[in-house]
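The same chain A turns up in both complexes below, where it pairs with chain B and then with chain C.
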Partner chain A sequence: MTNITPFIETRALTHIYNEGASFEKTALDNINLKIEYGECVGIIGHTGSGKSTLIQHLNALLKPTSGQVLVDGLDINADKKALKKIRERIGLVFQYPEHQLFDLTVYKDVSFGPLNMGISKEETDVRVRESLRQVGLSEEFYEKSPFELSGGQKRRAAIAGVLAMRPELLILDEPTAGLDRRGRDEILNHIKALRDEKNRQTIILVTHSMEDIARVTSRLMVMSHGKIVCDGVSAEVFDRKAELLESIGLAVPQIAELARRLREKGVGIPEGVMTSGPAAEALFKLANEKGLI
Partner chain B sequence: MIVSKNLCFTYTKPEETSESISFEKYSAALTDININIKQGEFIAILGRNGSGKSTLARQLNALLTPTEGTLWVKGLDTADSDNTWRVRQSLGMVFQNPDNQLIASIVEDDVAFGPENLGIPTEEIRRRVDDTLRTVGMREYALDAPQFLSGGQKQRIAIAGVLAMKPDCIVLDEPTAMLDPSGRREVLETVKALNRGSGITIILITHYMEEAATASRVLVMDGGKLVMDGTPKEIFRRADEMKALGLDVPPVTALANRLIEMGVPVSDSILTVEDFLNDGFIQTLMAGA
Partner chain C sequence: MKRITIGQFYPGDSVIHKLDARVKLLGTLLFITALFFVGNFSGYIAGAVFIVALVQMSRVPFKLLIKGLRSVIFILLFAAFLNIFLTPGEDVVFSFSFIRVTREGLSMAGRMATRLVLLITGSSVLTLTTSPIRLTDAIEYLLMPLKIFKVPAHEIAMMMTIAMSSIAMLMDETEKIMKAQAARGADFETGGLIKKAKSLIPVMVPLFYSAFRRADEMAAAMESRCYRGGENRTRLKPMKMTGNDYIAAVILAGSVILILMVGILI
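On to the complex of A and B.
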């Protein structure tokens, strides 16, 4: 694999806000990362750790102070004319994307991106239908005003607007923030469904929610003070790097923490248990083996 | 502290759209809300999006007033416009979005704005600003410009601004929705300390069940009605009903409930990791290990 050019790569990426001013702040400090096609990567980090700054570099909304962002081996900031194309390939869903809904109907709102890219009406129609289906909004929503929808529905409509551009990389910044259980479940299930057998959408999921990470991502990057301090398989990071996470103000999912503390007390819960279902199975099995139930 | 009798509310003027009120809220109304909140309580309000939580919060400091029924805050009828300012002085609000709450160009000026408006002497304002910024962990940013802070940091400044007015009660409408775990912890510890130390009544609207688990009382709303009212233990034991309302219980509580269903005799009132580790049956399991 090492010979193949990675899909996304950053080399010594550094970003300094207000450089030279008295309040300059290094938001990204020498970031080197590689993401391959088909990966689903979670990024966590405390407030101000550089997560949002990092993802805004990946589609050239921000330019590096130094270093490079490469997509398929090409520096995305080298050619200004190529930027539009890059932004079509790298779809970024901002925090609270529902604030950006603007058109009269859901259908029109989702059409905006592809039409703006110069896609034909017919092809746009196909894409709008597919992306609304992908986020679970059926035809009855097409002619509704986006402002009639519930919070979770609005957010899904906004995600559909980015999906309709068929980005090769979908970046979601805090997609479940402020949603209730149902809204959160819906969003996460639809994100997971983007990665079915035949279509493995490449995804970066930025979140504060360890439970979201546990449910969706396979790889996890941890950011702190503008650096990537940890990068590995999500379950392993939660099991083995709990102290590191806590030291930088993060927490592992509640069940992963419980499982780790039970292991410390000699209760044999296997590593990688992050949710209540598998934890219940493991504890039931143990209690059974010991003849306690 | 807060009493309501058959409080009903309907949004009646949907044409008067302002940017900060979205359409969905017009369909949410309050129906027959009867609450009695005492000074010093720490209340968590749960409910799905659109269940009426935020509408109720806005009633509490008279941003909205009942269309039927009555709401009293410290004995003052909120519908009487002569009471509005006294109600707002004793009940401070922190909203979801900090960007709509910060007004000054320097952090400490923003925190000082409330007490200045109350006519507090300068030295006392200075002390309050320092204290509250320290309480929310933002002392070192006192001279920074709010626009250069992250969303979470801004929210902590907004909380400091309300704290600086020393209200009897603080209503926080999903104050931690955008904070990281340490930020959430700090904010939660802050409001808990204010509740315990100064006896300030806290009303916390949240989607985080772990936060609700630490409250003294939990109110659950659905479709504009108050549908559950009890201690966290009483509420989270009813996991099936919570699920039907589109709500979670804390992950360890879900685990305990699952184990009970499977016939493993753990306690039915586990709310935290500590509770779980201290459970009698789990202790036996550890001893056997």
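On to the complex of A and C.
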């Protein structure tokens, strides 16, 4: 493991906004992380914890104040000409789709990325169709203006706009913030599908919602005041680090919390139960075993 | 984007920051007016000393002032060039076909450039140490006498406040949009003029969209709070002249008179 170069690595990554001014702010403080191909990582933390700053370093939109960001072992800030290539490999979808949707139709907007990469019209067409399918926008949306879409649909169109570039790593910044239950479910299901599809998309999901993390990601990084305070398998973090999470004001997902408390009382719910489906199953099984039903 | 420092506010709690905005505004106006009467270099030196002293007292880094100058360097050079070539004079220093550079022209250009530098740094001291809200409050106050002529002082001030707070918001927004598009491979740096202009479409469309949406939301928010401007509105932070403010006003007026005297008499 140690001699294999990780896909993404940061070394002592530090970023200070307005360095030298009286209002300077350390947004990232000595971040060291490694992410492998095929992983699905959740980054969680409060507003201002540095998570948005961190992901913007991964595709060189922000330059480190000190430290390095390595992709396949190469420093992405070393060669300015390689920037474009890096941004093709690391796809970043920002929180607000309003910041990127601009073209007359959804179809044209999604083809913006691939065309910028210099990909042929035919290949672009294939990619646009595929990525719109992946986010669940059918052909009837192709000729619609992106501004007519609902909030959730805009978000999905924006994700498709980045997916069409076929990035090796897809970073989603708060993809569910401000959406209603249904919009949220749809997005999360599509993200999950991306993971499960044959290509096993590498994903970083930034959020402040524990429920999102519980439903989609397998690994969890917790950020607080510019530092990664916790990094591990999502289920284990929820089960074992509940107090740490609470101390920085992040609540464990309700179901995971319930399962943990039941376990403390001696009810045999297995570790790693975080969502309602498996929890119901476990309870049902227990009730059956005890002959309650 | 971040290089534009004219009109930027640098928060602090120095004497200059705390000074009543009306005093600062009037002082700046006086100073700028005085600059136009000063015609010799000793006057400019006095002006420069005045500004340096103010900046020292405000504890705003000099770097910020220099940066502010950097963004208007073209206007400065343009003004200087025009003066060098277009000032009529006897004492020709250099000539080439129809171009004549005279001693008068050079000295005029030098004075013009110095005057502009002082003017810009002087007003920067005002904006750097005064929050936009205070500043517009002060402007509203000074426009008050014009109400007799039905000048809508409050409305003008309110529009300025909104415009100023929007600048920061729009710059912020532009940056975010540019990043979002850069993440999709948009290239704002290379190519000719037309290509560069075209590359701004994916930035301008979302920017206008969100600006209009925000304006709408803001209007709704103001209306739902029964905003109706003008008469009988009180302020969150009432403007009150304290003893210090009066003393500062006298010192400011004194310094400007001194600059004038140095500039005209010596």
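By definition in this document, the second predicted complex is superposed on the first by the 284 of 293 C-alpha atoms of A that agree within 3 Å, B and C clash if a C-alpha of one lies under 4 Å from a C-alpha of the other, contacts with A are read in each partner's own complex, and residues count from 1 in each chain.
Assume a contact is a pair of C-beta atoms (placed from the backbone, for glycine too) under 8 Å apart; a residue touches a chain by one contact, two chains touch by 3 or more.
Only a predicted model underlies this, so the values are computations on that prediction, with no experimental measurement involved.
When both complexes are overlaid on chain A, the residue A:L205 reaches neither chain B nor chain C.
Of the two partner chains placed around the shared chain by superposition, chain C is the only one that A:F94 touches, whereas chain B remains out of contact. In the superposed model, A:T47 makes contact with chain B only, not with chain C. By the touch criterion defined above, A:N116 lies against chain C but remains apart from chain B after alignment on the C-alpha atoms of chain A.
When both complexes are overlaid on chain A, the residue A:A287 reaches chain B alone and has no touch with chain C. By the touch criterion defined above, A:I35 reaches neither chain B nor chain C. When the two structures are aligned on the shared chain, A:F23 is found in touch with chain B and with chain C. Of the two partner chains placed around the shared chain by superposition, chain B and chain C are both touched by A:F147.
Of the two partner chains placed around the shared chain by superposition, chain C is the only one that A:K84 touches, whereas chain B remains out of contact. Between chain B and chain C, B contacts the larger number of chain A residues.
Shared contact residues of chain A with chain B and chain C: 23, 147. On chain A, the positions that touch chain B within their shared complex are 17-18, 23, 25, 45-49, 95, 145, 147-152, 174, 177-183, 208, 210-211, 249-251, 253-255, 257-258, 261-262, 265-268, 275-277, 279-280, 283-284, 286-287, 290, 292-293. Of all the residues in chain A, the ones that touch chain C in their complex are 20-23, 56, 59, 61, 84, 87-88, 91-94, 96, 98-103, 112-113, 116-117, 147, 161-162, 165.
Of all residues in chain C, those touching chain A in their complex are 11-12, 61, 173, 176-177, 179-187, 201-203, 205-206, 209-210, 213. The part of chain B that touches chain A in the complex is made up of residues 22-24, 47-50, 96, 144-145, 148-153, 174, 177-184, 207, 210, 246-248, 250-252, 254-255, 258-259, 262-265, 273, 276-277, 281-282, 284-286, 288-289.
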